[in-house]
């Protein structure tokens, strides 16, 4: 205990502090600098997870742990070393590798939490979202917004793995979650190459006249790799032609958006894809809010709080709030990113710092 | 003159009415029912223009009237018979056929008025919007939002014709227009198949990270026929599969939207494309606000205030405010439509009536 | 007729122009500069109406013309000399003096058009809006948003006059109006000093928990003089204390707003109140959109397109779009203003020019 | 450890679980039901704090602990018994009693966190917000939105106590906070009865023309008791007259709002005031999100998860997420409430349950 001015405690003071606790109170002055730091001082730490290790342990789980009702998913969460006792990548973000063996099914359920999957390799699984089977293929982003029923089934003999992203830590912390079990099997076992929601919504600049309302979450559940790849390639080609198109020299990027608003795909989660030319690097950035990145293709380095980390395909890393980061591309470097940007923006806490900026 | 109760005028009353005029005033009670009718009572009338006639007269204009600075465009406006002395399709909408001979150029200018072009046939012209050459091909919608420089040049030996849509009547009426001359030639004579704005923006559900602000008008200047056609075909296919997708049975439709908002492409103009299956028809609708339609392909009938009008490819018709209309498709019937819907919506005057609705 | 390049007409050209008309078309090139001027070139002209003249003719109308069903209101509209044949103050705005004799009633009706009243002098009339009697007193702004039933009754032996503002010209031009007759007498003849809507809504920064939705129009129907007067006095007092509060030196002003949005009171009409200190003047402004002003108290001068007009209490003047205006206050000068600002803003046509600005 | 189907662990499984931890991962299936409960299952518990105890310990703190730079405030936080080791009222909300002796000053600082004060009794302190001295009086709500400098000084010989509300727990959890020290003394020691922001903004339905932008937080920093009291009294009077005005029979309530938007006063915190007639009660409600209530005046009972708690003036209680609550008024019962409603709403997690609703 200490007084505000740092002088020693008297018996009266000791008694006072005891009495605080006795009536379920606690003084601000002993904890102000911890609770309200000069700048964000996260417990979560920067960390890199290696895809080979993740995939290997997921494969072993596939052999040892059946998927089914109750546990619901064979998903292995990234557990930030700074947040012991949890499987949280950051205070707001959950990220897991999910593994589904040949002909396995992850049963249907729905929850208030928002979720997506991003596919680093493989294909053959369909995620069925509110009864609409959505093929999962390399490079695709697949959404399951809050309170949409969803299950996954593997239509092949081969296992498949991908990453899941959810707002579970934030939802758990703020006590907003609801959960409901659905069918043990997926409600539509068809395996169409294109889902119905894509057929309605994946047309650039067009929307169905039967669906004119703004939606809280995107009605488009699949963002296909061929579109992402082309958008990034065009940005770099435009840059070559001397046109403004990239974030900064050699750094192309897109944000996945809700076509009914132009804003983020889900109310709590932002998703982006970044491409750096071989040899390009980004300036050191500080951003409020936390991110998870996955290398999709290529090799390079990420500097996290000044420390260099080599990156290979599939590697995942987290950038806690206000942790300085920058990327250096050895080869062309493709990365998927998701973060809690919509939360930070809507609550009015957005700040970014780039050295050299006012 | 009449009193409010219809009794005859006295000398004092006659004097009073003279005195109204003398001090630039006018009584409401003699004109209330005209000014404020029980339901919209437009002066504009329903009317059909035949594409063959329009194209023929445009071709003759091409021979007789050079295009150039001052007149600016070889555009022939639809002049609603109910609005004599103007070239207005409706009180808010301008619609013209524009014709550009082989290797001709319509000089660059910009204006506060919003404009678009829709192409019913042909190709070979590039519209250059703020320096970005945009190819014009059959079925495409091309935007030139307010205060964007634009000119057109024909890169071929063949003439080309299309329709222009603008908010000129509304802008003129409300005194909001500005105009500025630009280059006499287009500022970029390249003829790329795809414009730079498309390369940045025409990716479904993706937006460049370098462009995150909402825009008043769409940053996408070209909506290509292949996307429109596919979107409509998918709606009908989904309907065949028993899924909700169409506006009503046999009636597919899309709205062209601003990808930064999901809303209308420009602040004063709404654009849509409709497809009816052969044999389908729509219920009779009354809508506040006026529309211009063009048949893109197919044959059918439009009922306008109860009167049947046969429709062929290219025919244009207007539906004044609150005029009942319905469509009947003989063959598959494809139609482009534009209207003042964003104006009506934003000013709070939206109403629709379908028989049988409460 | 003329060609785009000004050369003389040939017989073929004469025939062409005849044929344009025959098929209800009209060429753009002969009218482009008129339809699309370099800057707004309104037909409406700046004009001043004298309150004494208006009141006198209203009084004579009170003697000669009964108020009642059909004509509905004893309202005498300002007829802009530049817009002959109409009773329009500007292309978008209607403004009238309304006069109601002792114990007279103006029957109830409702219409899609938005309306308000502003009281320059007197009291004793209640306007009953959707059954809620609203006292009208000097300096008050009273709303009757679109499709709200309203009637007026004079509870005293004395006549009362005020001004009405409506969007009738715009509504008529765009064909959006609906009208419905209501009770011939007001549905609540009580004469409370404060209306129910004020009791719910006129508390600064507070809203009823039972009414949390955004409203297209303000739910507050009365903006009382004592609040307006105090707000303006405080701005000038703050200015005296060296604080930012006024629009510019010596020029205080408030905008009336919808408490559910902070935006304009109605979707088509903006209302403001301005106060200039004695001796103050405003820089010359050009604004897109048209305004009507009324002097509430004091004397001064308005420059309209360079011409000086002396102003006294009650005088009304219009400022057409882009017409330069400035005010000079002899005494403290209080003015009410309304305009079509929400229309101009929402349709993306807003521009303001102040000399010396970039 | 357990498998998804509950069978016993094998050595391979034990090894697998060890290996999860070794590479900073953690399986979902062992924790899914805890992380993603069927309905919110907060660790925070319902709890009541007694004003007399709080005030007494604050007074003792006033004698023993000086206020000053570093500790910054003599504020004693409510520490939810379900959240040991923190001084959090709920996972998102901080609430403290703050005590300032005669002529004491709490130094100026600013932080990203949003804050307010609510005054249950006393007066004589001015909180100086961005240099603007704001008097604090019984029944007032005073805002200090994020990144506004603020300090407090007591202008009298008497101590004063009030409650502070902040989003500290949420801000700390999500790592969004910044902090900056300011002047050790308040930058303006004047003691005006009304602050400058009130003089600009506290006029119902009026806003300064010099301040037309939407603000993330309210520009009005003081919500005075006389307005709140009158608004509630009017709602009950209207209810007596048979008019819709209250939330439900005998239950009047207002929400404090940002006059530039009509929405919540700050982006993370909602504030309301409720009044129940003597004898009235509210139905049992479940709400997503957590609240803190304080009795302002009167006596009654709050049922929290079925348990009755007697309430007296000044008592504070928390309602964790989805905890059923209802109020019963013995006398007229006035209560202040704040919660994380804007967070829940903006992130799309809003749900309310009232028995008998679908």
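A, B, C and D are the chain letters, set down in written order, and residue numbers restart from 1 in every chain.
The rule is simple: a contact is a pair of C-beta atoms (placed from the backbone, for glycine too) under 8 Å apart; a residue touches a chain by one contact, two chains touch by 3 or more.
Listed by chain with UniProt protein names: A, B, C, D = Gentisate 1,2-dioxygenase.
The model shown is predicted, which means the values in this text are computed figures rather than measured ones.
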Partner chains shared by chain A (Gentisate 1,2-dioxygenase) and chain B (Gentisate 1,2-dioxygenase) (touch criterion as defined above): none
Distance between the centres, which are taken as Cα means, of chain D (Gentisate 1,2-dioxygenase) and chain C (Gentisate 1,2-dioxygenase), whole angstrom: 43
For chain B (Gentisate 1,2-dioxygenase) paired with chain C (Gentisate 1,2-dioxygenase), centre-to-centre distance based on mean C-alpha positions, whole Å: 30
Between chain D (Gentisate 1,2-dioxygenase) and chain B (Gentisate 1,2-dioxygenase), distance of the C-alpha-averaged centres to the nearest whole Å: 52
Interface hub residues of chain D (Gentisate 1,2-dioxygenase), defined as touching at least two other chains: none
Interchain pairs in contact, sorted by label: A-B, A-D, B-C, C-D
Chain B (Gentisate 1,2-dioxygenase) - residues contacting chain C (Gentisate 1,2-dioxygenase), complex: 3-6, 10, 12-13, 16, 19-21, 23-33, 35-42, 44, 47, 49-50, 53-54, 57, 60-61, 64-68, 70-81, 86-87, 91-92, 96-97, 111-114, 146, 168, 170-180, 216-217, 266-268, 288-290, 320-322, 340, 342-344, 346-349, 351
Residues on chain D (Gentisate 1,2-dioxygenase) engaged by chain C (Gentisate 1,2-dioxygenase) in the complex (per definition of touch): 196, 199-210, 212, 214, 218, 220, 223, 227-228, 230-231, 234-235, 237-238, 241, 243-247, 253-262, 265, 272, 274
